[in-house]
Amino acid sequence: MEYLITLAVLIALNVILAASYNLVIGYGGLSTVAHPIFFAIGAYTTGLLSIHVPELPALANVVLGMAAAVVASVLLAGSSLRVSGDYLLIASLGFQLGLLQLIRNLEFTGGPGGLSAIPGTIVGPMRGPLFLLICGGAALACVLIIRAIVKGPYGRAIGAMRDEELAFTALGRNAMSMKIVIFAIGCGMAGGAGGLYAYYFQYISPDQFEVLASAAVLTMVVLGGMGTPFGPVVGAALLLAIPQAITFLHLPQNIMAPMQGIIFTLLVLVFLFLRPAGILGGKGHPR
Amino acid sequence: MFEPIILAQILWTGIATSSPYVLLTVGFALTLKVTGLWNFAQSGQMAIAFYAMFFALNAMAWPLVAAIAFGIVLTAGSAILVEVYGLQVLRDRRSDSLMFFIFTLILAEFIIYVITLLFGTEPETLYRSILSPVDIIGGIAISEWDKLGVTLTAGALAGLYAFMRYTKEGQFLAAVADNAKLAELYGISAQRAYRVVAVISALFIVAAMYLIGSHGGIVPNTPLELVLSAVIGTLLGGIGRVFAAAWASVFLALIQSFSILFLGSRWQNLLLYGLLFATILVFPRGVRLQRLWGR
Amino acid sequence: MTEILRVEGLQKRFGGIVVSDNVHLSIASGEILGLIGPNGAGKTSLFNLISGVLRPDAGSIFLRGQKIDGAPLYKRARMGIARTWQNMLLFRSMSVLDNLMVGPREYVGESIVRLAFGRAGVRATEAAMQERAMGILARMGLEQTAGSLVVDLPYGQQKLIGLARTLMNDGDLLLLDEPMAGVEGAAYETMQRVVRQESEAGRAVCVVEHNVSFIRDLCSRAVFMAQGKILQDGTVEELISSSVLTELYFGV
């Protein structure tokens, strides 16, 4: 039971991560692969606050984690988008790897060994179900908020911006600020998911947020269908369920780990070429 | 600590150590210049190059020449495959830059996972011993590896320069890099240029991986870090300036080696990222700025 | 007639090519100014400089007497500079109506905060904008197409949609970049009629166009450009009768 709840919590948090990433790259058309670093910023901020400032309520810690992710994302997008869209890609990758390097080298973040002894906050036999309720609720809220954003007048503007940014701007729309806002919302959500993760698992390490994590969340989005509201949900669930299914084959760890990686990456490659719109995507394909 | 002889030693070692990085950076920057792609799939090719030579030398006990030839064939072959059956398909589909990026990154990871499955995650070297005989010249220790690295790199750069400057094929590359559509109007095939670049960068990658693999241990993940140093060198040198990128990576290596005098070793890598950030924020000499104005 | 746009000493070069060489220009309300000249004369570049896509190396631009040199592209649009594009740049994945709905000078959909906390207001503004968009489409006889994807329309109608989207701006200055290129038949008539109506409504219109008869029918005044310079400024008849220009451009 405990195992299933943990899996469900993990799926819920990854739904948030994938859905918010989908908002950024699928709808916003922003090129970035550094999404896990904003999850990390939220997780570390929340974890460190709960250890060092025990008087703050847990909710405030998660909100501050989100805020930290938002601030970092605005700084990153604000400085690099001014150069060009491609530049954000490289700048975000550099930001991700550089910040992880910094986390590994600092004392107070726990260094390469990771940050442990994060307070559990909720204790007792109902801990698992309660966390599942919170994370599941948060995931549902994120998916619905994103759907609300991409529908209606704002969604129309996002679509126009993706189609023809120059004409869009010449009609009086501030494309730059819209991009930064979309990026900030997506990264803030990832930060919130990170905060919840820190509370539930009570341990985080820098290795979890490497480029491999970027590839995983990218897989979820591409698999489910980029630019579809529920695609990332399907992608996240599938991606976490497949490894569990392989576990029953009882392969040794040194074969299991790369096998999982091979399956993920192969899935992305197959989908990229044969069904670029993803499982839930309609006809045509994203360019 | 600051005696001239020590400084001279650090200078030499820094230059020598930079040689494989220069090769990787030039291969990466040349690809970016001609194809307009940040081709992260090159890290997959780095892994293929090393493990092909490793397998040939150790498991098969082939002679060195055969092992290197094997490495070249596999690396260049995979680069061509990626070009023809991957990148060209995306180009024909008019995919945007994010799709190209996803493809090259995920492909690199796929290759690295397959190699992890085949070879495990233990650090491997091409030879049993990574010690290289050392001469003392003018009070400075110069190893055989240093000499090989510096001559190989200098030779490769000179060869590339001559190729770009004096051969028709090389001038075609420059034309395609400048404006692929215009070049096509003049009867220069962009596809052919892309394939030529794939082969050239494969050669550079094999040379670099030979140097790195005979100098220290490599795990399947190492190429992801290597490609990153190529990215930093490319950015620092200024996009589109291949030889400046080479100098930039020498400069990066020198900064890292001289920083030993001031910084603890665990801050070395961080310095690299600090430089990356300074580059991005202070000298962001536009990736696509000109093209935007051109509209 | 009040002056809407004044351009003073506009200078712009790319590498060795001068696209704008000391350009002075003035357009008044109700006037339709034709901008003619060979390809590469700097006509579109002048539009890009006025609308803010490009920054000039020197010179100034005044809108209704107010200097706007520092304003970026999107702010100039909000001041009432509305333009079309040679290759239209329509929002290809969207319907005709949605293309127009993004065009108003103030767009409610741009601010997440307003969307979250002012739902009733947003709905009212959207309804008003939709009515205006349908009105513009009706003037062009295109109200039937409102729900179709722009890419499914014939070329001439797409050109009209490009103009219609710009009209949502309700600006004082209309910059039209080759509105007639590739347009024939009914769409041609409609384009001509709508442009004339807009000028009669008091807008200043500037048209880049190769179609001489369109210029002759519509424009009260025309300017001839070559190599970034304005070579002549006068009535269309004067320009056409000038032997130098005839040789340079009309190739007769």
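General remarks:
Just so it is clear, A, B and C label the chains in written order, and each chain counts residues from 1 on its own.
Just so we're on the same page, a residue touches a chain if its C-beta (ideal position, glycine included) is under 8 Å from a C-beta of that chain, and two chains touch if they have at least 3 such contacts.
What you see is a predicted model, and the numbers here were worked out from it, not measured in a lab.
With centres computed as the average of Cα coordinates, no chain lies farther from subunit B than C. Centrality by Cα centroid goes to chain A.
Centre-to-centre separation of subunit B and subunit C, using mean CA positions: 48 Å.
For the pair subunit A and subunit B, the distance between C-alpha centroids works out to 30 Å.
Inter-chain spacing, taken between the CA centroids of subunit A and subunit C, is 42 Å.
Among all residues of subunit A, those that touch two or more other chains are 166. Subunit B has residues 295 in contact with two or more other chains.
Residues of subunit C in contact with two or more other chains: 53. On subunit B, the positions that touch subunit A within their shared complex are 38, 89, 93-99, 101-103, 105-107, 109-110, 112-114, 116-117, 120-121, 224, 228, 231-232, 235, 266-267, 269-270, 273-274, 276-277, 280-281, 284, 286-289, 292, 295. Residues 25, 29, 31, 33, 79-80, 82-87, 89-91, 93-95, 97-98, 101-102, 105, 166, 211-212, 214-215, 218-219, 222, 254-255, 257-259, 261-262, 265-266, 268-269, 272-273, 276, 285-287 of subunit A touch subunit B in their complex. Here subunit A touches subunit C in the complex through residues 149, 152-157, 159-160, 162-164, 166-175, 178, 181, 185, going by the rule given at the top.
Interface residues of subunit C, counted against subunit A in their complex, comprise 51-53, 73-75, 77-78, 82-83, 85, 89-94, 98-99, 101-110, 112, 115, 122, 126, 165-166, 168-169.
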